[in-house]
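Just so it is clear, A, B, C and D label the chains in written order, and each chain counts residues from 1 on its own.
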Amino acid sequence: MNSFGHLFKIVIFGESHGESVGVNIDGCPAGLELTVEDFLPDMERRKGGQQKGTTPRKEDDLPIFKSGLFNGRTTGAPITILFENKNTRSGDYEKQRAVPRPGHADFVAHKKFGGFEDYRGGGHFSGRLTAALVAAGVVAKKLLRVGERLPVEVDANILEIGGEKDPEAGLQKAIDAKDTIGGIVECRVSGLPIGLGEPFFDSVESALAHAVFAIPAIRGVEFGTGFAAAKMFGSEHNDAIEDSSGRTRTNHAGGIVGGITNGNELVFRIAVKPTSSTPKEQLTLNWETNELETFSVKGRHDLCIALRVPVVLEAVTAFVLADLMLREQRIPRILAH
Amino acid sequence: MNSFGHLFKIVIFGESHGESVGVNIDGCPAGLELTVEDFLPDMERRKGGQQKGTTPRKEDDLPIFKSGLFNGRTTGAPITILFENKNTRSGDYEKQRAVPRPGHADFVAHKKFGGFEDYRGGGHFSGRLTAALVAAGVVAKKLLRVGERLPVEVDANILEIGGEKDPEAGLQKAIDAKDTIGGIVECRVSGLPIGLGEPFFDSVESALAHAVFAIPAIRGVEFGTGFAAAKMFGSEHNDAIEDSSGRTRTNHAGGIVGGITNGNELVFRIAVKPTSSTPKEQLTLNWETNELETFSVKGRHDLCIALRVPVVLEAVTAFVLADLMLREQRIPRILAH
Amino acid sequence: MNSFGHLFKIVIFGESHGESVGVNIDGCPAGLELTVEDFLPDMERRKGGQQKGTTPRKEDDLPIFKSGLFNGRTTGAPITILFENKNTRSGDYEKQRAVPRPGHADFVAHKKFGGFEDYRGGGHFSGRLTAALVAAGVVAKKLLRVGERLPVEVDANILEIGGEKDPEAGLQKAIDAKDTIGGIVECRVSGLPIGLGEPFFDSVESALAHAVFAIPAIRGVEFGTGFAAAKMFGSEHNDAIEDSSGRTRTNHAGGIVGGITNGNELVFRIAVKPTSSTPKEQLTLNWETNELETFSVKGRHDLCIALRVPVVLEAVTAFVLADLMLREQRIPRILAH
Amino acid sequence: MNSFGHLFKIVIFGESHGESVGVNIDGCPAGLELTVEDFLPDMERRKGGQQKGTTPRKEDDLPIFKSGLFNGRTTGAPITILFENKNTRSGDYEKQRAVPRPGHADFVAHKKFGGFEDYRGGGHFSGRLTAALVAAGVVAKKLLRVGERLPVEVDANILEIGGEKDPEAGLQKAIDAKDTIGGIVECRVSGLPIGLGEPFFDSVESALAHAVFAIPAIRGVEFGTGFAAAKMFGSEHNDAIEDSSGRTRTNHAGGIVGGITNGNELVFRIAVKPTSSTPKEQLTLNWETNELETFSVKGRHDLCIALRVPVVLEAVTAFVLADLMLREQRIPRILAH
């Protein structure tokens, strides 16, 4: 339920205001160098605390290694990484409990888990869990760099915010409107071999989409030309193979044909919805009184969660690809000394 | 690799010009009535042979039950359903072998499987395998109707072809251009309970997207407002809960919040690329001579594969939901007599 | 539920008196030569029709390849193999239905599947399903021979019947007593590399035991010295490593330490219970009348099912090991031409 | 690799001399009361520190809840439980490194993980990991008590030590011989419904044996009459059904027929080898010098590890059964308030 992968297996756990969030990685090859420092840049990118439009909740987000490492390297045994929650505010969650925040999981969580859910700050549904995803991504990215002659590089970037190519401009719309705003993030991966993925249920698109929708707030994913392909002619869309390496003249397929990587750059985009916690006043149902109430978010939140998504998208992409590479025996089970 | 599901498990197999295609379903509850007639309407929809713009390859597509049925009902043991391939033409595949068709999996299949792949008519990569998906969908749809007080109904329709709301008009563009064309298909599901899915890796979107990308030619999927959400403000996008059943005033979320069904209609759309086999002449590489060649498709093919996708999309949606319903104990393991 | 394996995945299906029994194998590397003839020796051993004490039900048991083969080799796509049931006798199963055969699954199947089970000849619980196991074993054995420099050879033999080292003598006891009898089968595997398996849940013992108990009538499994180890001192039981290849002076561990193969011969034994269908008269409950009845088996059955177990044990052992070898990248994903 | 279960999923992690050992449980129903006190009795039994013949390494073994609990109950989100390692002694592992302890995993771990393994005190192969198994068992046992009208009770006991029915007498043999000794442990489960398990790969025996062999030092498992069945006649071994509840006159089957629970007591036994760390001097290979050396264990160790196995066996049995009960919808996804 909270796990992913076949040979590079991940379980994420934790709650926003509980003890910690964390990740367990089972199947990481032995011999990968791993230090706290390796995690800092991506953890820092995820926090986004310096960016305009992102929440100022500050956590150290230093990874605490609980298992699977020895002498600075992975051992082949399962790796457990914790992030302690320090910066939680007690808050008056009890009072707000019967008033589900619009656009959040409060209502469905309550129904699904029968009222036993940890409702403080979203509990297990919190975006704080993306710290665990990013940590798994750090390990996977390192693995992708050692696995092949040509390193596999994963790179995600903001493509637009609120419909604007210039993220600042898009964010300004939200600031002006005293509201939150969505965006689009693109991911590109270079260095992949031909032949990852399977024709049907384990197509590269299936595996990536599966993992991508584990990121909160994602509403769509498209590969290559994506939805634009629905308007194209076949003669336009087909990519002509140019040489024996499989390089194609165009890349409408986004690097995947028949569910399999074709050796060209992997390209896909995801749509991120506007942050649910908007400063605007909104309507919702109080499930105790059964009356509609107006609701307005307290405290500071991200105006645009999309700004913090790129590093998370890179992370899930990296561990999906690490898993596929292991299945194709493209990453060895023991790394070189 | 070719399997899907946790409690309602599917394996699909077969080749376009081999003996047969088929599906094995493990975990279907005992006691479900199942006859050949149950399969005919959806198998007929999949063939699309009568529609303008679809291929006239005719197969009876009568399901042959090989296991798991007794006295017209499922037994709880694995169900095997075969479709024999009768209408295969020997063709001169050998001659064309070194000339990968643009937009098809010929090249990647060759690389991935080292030349051992069945290359006749796309082999295991063929759209013919969707017969197996549709068959699994027929079983799942029946199950979804018995599982709950309110039956779950899955309905997919063409939303646009070649950018035109009127499918005929979009298809005409392809006919006029002597080319193939893409389209968009929308799926709606009513009657779902609150609480299917999990917060992260087994979110409803993850499960559906995973299965949807098992359908050949799909380039994108979006839930609710999808990519349009990237341009929206939070106050616009959030759906206000109106009553204790969880019904929302709007349905921008497409029936899923935090990865969990919220009791509203499930709505999502997929982008279908134009059929790769266009009548237009195209360039490709001959991997024996290592020269570029012009290539033109012989025989008749679908001008617009999107036209045949709705029934396949319904099928994968149905078996994803059947699996999630079983996990939530919303479908019993033994049906009533 | 009816599947096994991670990278070499097997689903078995079918019923004793239904259309067929069969197996689907997903994940077999591409390029393995496979002909009907490859299956004949092991299918013949399984039938045991010529042996004294085995049932004379005759089926051709010719494998019918339905998918995954092309030009006599595996393609990398899922392989489906069917065995048609021809020699079924209509029988008067309806009459006997409410009278569960002692020692058989009739009663539990009825309860578990709510009366929807195929009750003819044991249905899906039938020993006939071992034809599917043996077929999977044939493929796995071939794979084990190509995967390594030293071929892996799997060999199972009767160790004792009815407590007698001489199987004939043990069988004679059953003949004399007009009863059925149990036995012990030993399996030895040579040529395994060091390092298969994992410390805990995927120990070699775990994987083998899991699969071994899929064989009907097995009541116990022991590795190396097995139950005798419970009476031994540590200094007796420990195997001293003799050289850098890991060869040990003794092999009390049966080739597995800490759940991992140690490069020595893998040795384990299984206990097979006496055939449930004894010619003796027995008591059972008629669940319609709710009265105890005497029951006596009609027709001819195996007096000693253990005699037919060795080839089945080899089969499950082979596919367990093929799966483990693939996980350790000891068998390539594409075989050499 | 280090995970088990379908709906009640367990991952164990940690090392003997690392930071901690622990377990992650995904899929535990929401609403189960869980306190530190619930764990103390079984953790205490596992330690065995008071028993004659068990090691005096003292750890507090207080479970630290890191996720999945709120207000003293499970939330439905993954549960993480840590046990910190405090009582580790630095030891001179470096010096001993090239001298694999006879009967331990030192040699295979070194080969399998290429020298990257944590070799201190057995690392991830250590018996200390059974603390994680026992913790998972505590949760599962509580679940089994709420899931059904009749609680399921799991009870394991020493059956014999060193061939003696009186454990004291068996242990005395080891003490007298200045050696270690093996034993047999029996597990009995009452209160199980009819119908758990599946005919082949997910038979109850398969699931239990799989998990049982995750316990270090286990060499065999037998159900019901087990290996003795190999000497029996069918008319002796078959259990006659006595009444409509499925109760049988005898219980040679150990509560499982055709892989399915039959409503009678579940009975099985496991063989535990003598502790590898015997005080006796032994031979082993120094893999640096490539010379044979005599080796003798320093420090105090269990003379009979079997004495500490019962609580671990109960634990794995409990989580296997919890998983099977969930699959059969015998335990609800949300417990009553």
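Keep in mind that, in the parts below, a residue touches a chain if its C-beta (ideal position, glycine included) is under 8 Å from a C-beta of that chain, and two chains touch if they have at least 3 such contacts.
These numbers come from a predicted model, not from an experiment.
Among the remaining chains, those touching subunit A as well as subunit B are C, D. Greatest centre-to-centre distance from subunit A is found for C, with centres as Cα means. Counting C-beta pairs in contact, the pair that comes out ahead of the other among C-D and B-C is C-D. If each chain is reduced to the centroid of its CA atoms, subunit A and subunit C end up 44 Å from each other. With each centre defined as the average position of its C-alpha atoms, the distance from subunit B to subunit C rounds to 36 Å. Rounded to whole angstrom units, the spacing between the C-alpha centres of subunit C and subunit D is 26.
Listed for subunit A are residues 1-3, 12, 77, 112, 124, 199, each touching two or more other chains. Taken in their complex, subunit B has these residues touching subunit A: 1-4, 10, 12, 100, 102-105, 107-109, 111-112, 124-125, 129, 160, 162-163, 174, 177, 179-184, 194-195, 198-203, 205-207, 209-214, 216, 218-244, 246, 249, 252-254, 257-262, 271-278, 280, 282-285, 287, 290, 292, 306. Of all residues in subunit B, those touching subunit D in their complex are 6-7, 77, 199, 327-329, 332-333. By the touch criterion given at the top, residues 1-3, 9, 11-15, 18-22, 24, 26-27, 30-31, 65-70, 73-80, 82, 112-118, 123-124, 334-335, 337 of subunit C touch subunit B in their complex.
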